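Heads up, there are several structures right after this.
Look at the two complexes coming up: chain A is in both, with chain B in one and chain C in the other.
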Partner chain A sequence: MSSLFDDLRHSRRSAILDEWLSALRAGAPQHTDAPASMLARSDTEAQALYDAILDALIEHQPADSRSTAAKDTPVNLTALLRQWSAEPARQGLSPAQPISGLLALKRILLRELIASPDSSRDTELPWLEQLFDSLALLTFETFGETRERMIAAQSLSLMELSTPVLRLWHRILLLPLVGVIDTQRARQITERLLEAIVQHEARVSILDLTGVPIIDTSVAQHLMKTIDATRLLGTRTVMTGISPEGAQTLTKLGIRFGDVISRATLRAGIAEALLMVDRRIAPVEARRATGGA
Partner chain B sequence: MTSTPFGQRVEIGDAADIVTARRAARELCERLGFGKADQTRLATAVSELARNVIQYAGTGHCLIEDGSDALNRRIQVVVEDQGPGIANLEQALTYGYSTSGGLGAGLPGTRRLVDDFQIESAPGLTRISIALNKPF
Partner chain C sequence: MRIPILRLDRILLVSIQIDLSDNDAMEFQSDLVERVAEIEATGVAIDITALDVVDSYMARVINDTASMVRLLGAEVVICGVQPFVALTLIEMGRDLLGADCAFNLGQGLEILKQRIAERGDIRFTEDEND
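And now, the complex of A and B:
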């Protein structure tokens, strides 16, 4: 049992902890508007982490220094470290921030270990290294996981945003598609459109593809299925916004949209859709003239 | 994704990588002075091939390179995977044939989209090389 780690954990705890905290503050990004409560919380967090790390150093040291079979990191330390790393990830800080904080503590402990006269460095040095290596790994892993979860959540909410079904006119729906259409989005588009068709008793739906970067066979197939389904509900579909390059590419790919009505621009598509429900856009003058006659 | 002055390597593992790969292809295409139609052609072809990798092999990679010489600008893309391979190449290149309920237009369509098309496939390695050429 190491007396040094015990010292650091108890009698010299506040001195070492203070040194680490000031190192953390020096390395922290300069938030001019960071509320004092946040700083205070990160201090208590750091204290808890310090205690947990030293407890782990004291209690979990393997009996044989050369045994590479690392014991599992204690559960409470893992939880603290995850929080330590997840918070900066959520705030959009660099992954260097939590890791350099951890490594600052390692430098301090290392210095103490080397300076201490009575320690058996042969066993303690490798153990310190080993523990901090696994902690650094865990920190980085947590950071990555947190970011990935954030990205997944954001792309989900983006997907929600990007498939609005608009009621353009009585019995005419407009579905402007923007971005990448994958299987999941295609399913969502179909669902929303079909629901809206029934709700509004739509006769025509306009699928605007101006914002779809690439129409390959998979996207085309998704679109065809959507169009087939709307047809079963008695709605005709007008496709608009396929670019000249897109049209060329589609024919080269050998994809035929068969009897789907397609117009180059949304404007032409709207005119077509209005015709289908026996409406047209006319100048105000003409109407006055017929009304007056 | 790693890039060198001459090309880019894009790992393909999920649907987002399809977007990365075809964007990389489109960018290099544009930088080499290909027109918009050519950019769309190549991006669509890369999209098809990358999707095949994910659907049939799971993972793979895609190498996008500048192959220009004194006479022609040339962009070439190699898509490789270590999947089970294509059992019958002739069928796979026939329009309307699909083992997955797709349109069966992907491979034959891609072949028509590009200027050069080479495919080799065996269990454990499928490699498809495509290229666009345009004289200076």
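And now, the complex of A and C:
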């Protein structure tokens, strides 16, 4: 057992910890509006992490200095470190922040180790390196995982947002498509549209593609499937908002939309849809005149 | 050679009088679709009276142009297919178009106007002009 690590864990704990905490504050991004409660929490977090790291250094030190067999990091340390790394990831800070904090502690401990008169450095130095290497790795992994989870959650909510089916008029539905259409989204679009058609007993649905940046073979195929499905429900579909470039690309790709009605603008599409349900938009004056007469 | 695109209110007229090279065809197609989108054309008449020979390449160019224009929401009519041209096209087994064909420009415009009158968006224009 190392007397130095014991020393650092107990008798000189507060001195080393203070040094680390001030190093952390110096390295932390300068958000002056950070509430005091957040600083206090990160202090207690750092204290717990410090204790856990030193416990691991003391208790899990391999007896043989040459044994490089990686020992499992203690569970409580892993949990603490995950929290340590996940918090900055959630706040959108850079991954350097939790890792540099960890490395600051490593520097302090290394300095102490080298300054100590104890002659057991040969075993302690590699052990310290090894532990901190694995901790840094874990920190980075956790950071990446947290970010990835955030991105997945965001893209899910974006998808929810981006496929609304609007009831434009009695028996007319409008489906404004925005963004890139992939297989999964295409299926979701079709499902929603079909549900809405059944629910509102729609006669016409308008597919507006103004917000779709790229129309390629797969997007076109998805659209054709959607349109075919709506036809099976007995409704007609009007496509609107294809750009001149989009029209050229689709034709050059050899995609034929056949007898699907297509209009350049949403405005023209709405007019077409209104015609299909025998409606028209008329000036208010004319209405008043006929109604008042 | 650039093919001139003539405008007759919201109808566009193009007359193809020579065989188009690859580049000419591309240029012609993009010119036409840009113009269709720009003025929100309701109809396009493609006149090929002056073509004595239509090979499979030209047939495809005309075909593609018609689908592009239709995707942009305008009606298309092909005018002035010569008897000999019609014969060769049938023999090549190529269906020239899903689009309507007319013997001359006058009949083509008649067909266009008739189809445009059946459309919904023309009513919007009437409303706006009120």
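Assorted remarks:
We adopt the following convention: the second predicted complex is superposed on the first by the 282 of 293 C-alpha atoms of A that agree within 3 Å, B and C clash if a C-alpha of one lies under 4 Å from a C-alpha of the other, contacts with A are read in each partner's own complex, and residues count from 1 in each chain.
Methods note: contacts are C-beta pairs under 8 Å (C-beta built on N, C-alpha and C of every residue); 3 or more make two chains touch, one makes a residue touch a chain.
Because the structure is predicted, anything quoted here is derived from the model rather than measured.
Chain B and chain C, once both complexes are superposed via chain A, fit side by side.
By the touch criterion defined above, A:180 lies against chain B but remains apart from chain C after alignment on the C-alpha atoms of chain A. In the superposition on chain A, contact of A:274 is made with chain C only, not with chain B.
Touch criterion met: A:217 reaches chain B, while chain C stays clear of it.
Residue contacts after overlaying the shared chain place A:257 against chain C, while chain B stays out of touching range.
The partner that reaches more residues of chain A, of the two candidates chain B and chain C, is C. Chain B and chain C, viewed from the C-alpha centre of chain A in the overlaid structures, lie at an angle of 40 degrees when rounded to the nearest 10.
Of the two partner chains placed around the shared chain by superposition, chain C is the only one that A:265 touches, whereas chain B remains out of contact.
In the superposed model, A:248 makes contact with both chain B and chain C. In the superposed pair of complexes, A:199 makes contact with neither chain B nor chain C. Put simply, the nearest alpha carbons of chain B and chain C end up 7 Å apart when the two models share chain A.
The intersection of chain A residues touching chain B with those touching chain C, taken from the two complexes, comprises 243-244, 246, 248, 252. Against chain A, in their complex, chain C makes its touches with residues 29-30, 33-34, 36-37, 40, 64, 67-74, 98, 119-124, 127, 130. Those residues of chain A that touch chain B in the shared complex are 180, 182, 213-218, 220-221, 243-246, 248-249, 252-255. The touching residues of chain B, counted against chain A in their complex, run 15, 19, 22, 36-37, 39-41, 43-44, 47-48, 51, 95, 102-103, 105-106, 108-110, 112-113. Chain A makes touch with chain C in their complex at residues 239-240, 242-244, 246-248, 250-252, 256-258, 262-265, 267-276, 280-283.
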